[in-house]
Amino acid sequence: MSSFITILSRDLKLAYRQGMDSVMVVMFFVIAVVLFPFGVGPEANILARIAAGVIWVAALLASMLSLERLFDADYEDGSLEILILQPITLEIAVAAKVTAHWLTTGLPLIIAAPVLAILLNLPADGFAVLISALALGTPSLSLIGAIGAALILGARRGGVLLSLLVLPLYIPVLIFGVSAVDAGLGGFPFKSHLLALGGLLLATLALCPWVSASALRQALRS
Amino acid sequence: MIHRFANPTRFVRLADVIQPWAAGMTFLFFVTGLYFGLFASPADYQQGETVRIMYIHVPAAWMALFCYTAMAAACGTALIWKHPLADLAARATAPIGACFTLLALVTGSLWGQPMWGTWWVWDARLTSVLILFFLYLGYMALNNAFDDAERGFKASAILALVGFVNVPIIKFSVDWWNTLHQPASVLKAGGPAIHASMLTPLILMALAFKAYYLWVLLIRMRGEINAMKVRALRMRQVQQADMADKVAAGKVG
Amino acid sequence: MPSFSGQGLGCFRGGRLVFANLSFALQPGNALVLRGPNGSGKSTLLRLMAGLIQPLEGRIQWSDSDAGITDDPDLHYGRTHYVGHADAVKPVLTVTENVAFWARLRSPQSDVAGAIDKLGIAPLADVPGQFLSAGQKRRVNLARILAVPANLWLLDEPATALDVDAIAALCDAIAEHRAAGGMVVASTHQNLALTDHAVLHLSDYITEDPALV
Amino acid sequence: MAAFFDMGGYGGFVWPAYAIVAFVMVGLWIMSRRFQRTSSDELAALNPRTRRRQQEPNDET
């Protein structure tokens, strides 16, 4: 457990000192969403209808954008190799790094989402559902992305490769996330969608650290 | 070669003199501005009391443009005349300008809801100010994206100059496109079209915002100068340690 | 204090048989220096001993446990320090923070300041990593293994980028480690002033790959 | 007095606007002052010769 806290605090300190990284992810998220009114036209009713989908897809891309550096920074300067050779369970180390990633990208996205909902004219009763759906969905995005980040270590053009690997796996989270918000807007019960998101989160929580850890060992075995 | 008047120590001594005055003026103008703005001025016959938001929205918007112009000017000086303090002035101005732009957007939205019935509309003026906000954030992100501070200054200076094209767009957006946002009513050819009772608080608040900018700028400039010296001393400290090793090696090796 | 040995080791990497039926044995206090031209498998053997990679055949084990090191990795990792080519120094963290992170990961109490002082980088304790030279980064990496004691040190070219003064400090640390019953395996070109150390020439174990012959 | 706070029914918009402006401006001032403080302390630590207000002109930039 203490190794979880040690690694988490170091990663958060690194993120804090390079503060701009999480700011840039949120900026990408905001700018990506701001582009849509230019593309689709400024009419409020059109924007309101596509608001949930646009915000969710932008959140997906933003969190994936920052995943490439999750293990890459440590892989390049040799920290990863040393980390594997420590008497700690690697799965916990991976969980710590994923938590740090979520705190520096997932959380800021959730905080920025309501502002974007205003820009896209999302009706008021969709806000609470959007935030709770994002809160349940973004951690699993980080977890699934960790597998991709571990797999692409040392690969050429890792960023593009990562999006190829990870985006298909994001689709379930996207479907339930958007349908939760649409159900909330339509006045239908949205609990089932949120429960599905919660189920996905538990599944990824159990599976991904284990898969990422073995992918990391494999990457360093070469 | 350090420009004679650009010497940081001389600047710091100058700042010590000006800063208390700037602080004093900020409070003075804020107190009088708020008094006139909230108490001693009438409500608008159409907009009612919401017109009081103008006394913070308009100065914030003016300052947003002023800060970006100042930042771009400082970046130009830094690039063309290699003026060491200009880079620091631009870097110190950016966060202040970004805050003013954010305030202009937020207060505008709070004014827009009662008047236009919506928090946000994709109107030429509002959108270009939103882009201005992104330009500020872009400048700050680029500025410390490099380990070598010098690279950061030069790259972000160029970005600031490129982004300057957005400032005239904001200024004239209300004239070029039919926007929901009202056209200029103070700084325009025929002289202000606002009644004196509302103009005085507006001018007072604008002066308060400017004094505030000067005050915080001086504080941030002193911080930036210290940070620059810390970076220089750190490099020298490491080189000294390296030299000591080589000297030691020289003696022994 | 357990001893550390390997029998009949063979390793296949980069599509070729790097070495075959290689054996070694280390008693507490021993030092083993790996010699051989570049690419003869010095680094591979060290990574094998560290448990990073699996041998094709043969086994490495501690005398006090019958299982190989890869079967019970946590026991092995707890007793081993591995120093590779990369120095793992984070540019935004100071020297103390870098060393303290690795020390805290291994054990709650550790002597970070002492380790930093032993390697002569005490004046740089609060300097962020980005300002350090290659030699100084190397010393930060070495300070990591002094901060928390371990039975076995695996050093891959420890002396690169170090000047004479730092090499002396390293040799003192190694001598102190061996005096306390520790074991060292190092691959190095400079002659680290190690006293009565065994030598293992990798070239003795390079054989033609039976599959290719 | 209540009428003053009611702002002709628009109090819900005028007062939050003023509150946000006050919050952001005071916050920026505090952040800037803290930035100046920490950097000058760091400078003093690194360079004990220069006191907080440089007396003798120190031309090194």
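We just call them A, B, C and D in the order they show up, numbering each chain from 1.
Everything that follows uses one rule, which is that a residue touches a chain if its C-beta (ideal position, glycine included) is under 8 Å from a C-beta of that chain, and two chains touch if they have at least 3 such contacts.
Source: prediction; values computed, not measured.
J.: Chain with the smallest distance from its CA centroid to the overall CA centroid?
T.: Taking the mean of C-alpha atoms per chain, the most central one is A.
J.: Go through B-D and A-B and name the pair with more C-beta contacts between its chains.
T.: It is B-D, judged by the count of C-beta pairs in contact.
J.: Calculate how many whole Å lie between the centre of chain B and the centre of chain D, each centre taken as the average of the chain's C-alpha atoms.
T.: Chain B and chain D have C-alpha centres separated by 14 Å.
J.: Quick check: how many Å separate the C-alpha centres of chain A and chain B?
T.: 33
J.: Can you check how far apart chain C and chain D are, centre to centre, with Cα atoms defining each centre and the answer in Å?
T.: 51
J.: By the touch rule stated above, which residues of chain B touch at least two different other chains?
T.: As it turns out, chain B has residues touching two or more other chains at 234, 237.
J.: By the touch rule stated above, which residues of chain A touch at least two different other chains?
T.: none
J.: Which chain C residues touch at least two other chains?
T.: Nothing qualifies.
J.: Using the contact rule from the top, write out all pairs of chains that touch.
T.: A-B, A-C, B-C, B-D
J.: Enumerate the contact residues on chain B facing chain D in the complex.
T.: On the chain B side, the touching residues are 2, 7-10, 12, 16, 43, 48-50, 52-53, 56-57, 60, 84, 95-96, 99, 102-103, 106-107, 110-111, 113-114, 212, 215-216, 219-220, 222-224, 226-230, 232-234, 237.
J.: Please output the residues of chain A touching chain C within their complex, sorted ascending.
T.: Answer in residue numbers: 2-3, 6-7, 10, 13-14, 17-18, 74, 76-79, 81-89, 220-221.
J.: Can you list the chain C residues touching chain B in their complex?
T.: Interface residues on chain C, with respect to chain B: 91, 120-121, 123-124, 127-128, 130-133, 135-136, 163-166.
J.: In the complex, go through chain B and note every residue touching chain A.
T.: Going through chain B, the ones touching chain A are 109, 118-122, 130, 134, 137-138, 140-141, 144-145.
J.: Quick one: in the complex, what on chain A touches chain B?
T.: Residues 20, 23-24, 27, 30-31, 34, 37-38, 42, 44, 118-119, 121.
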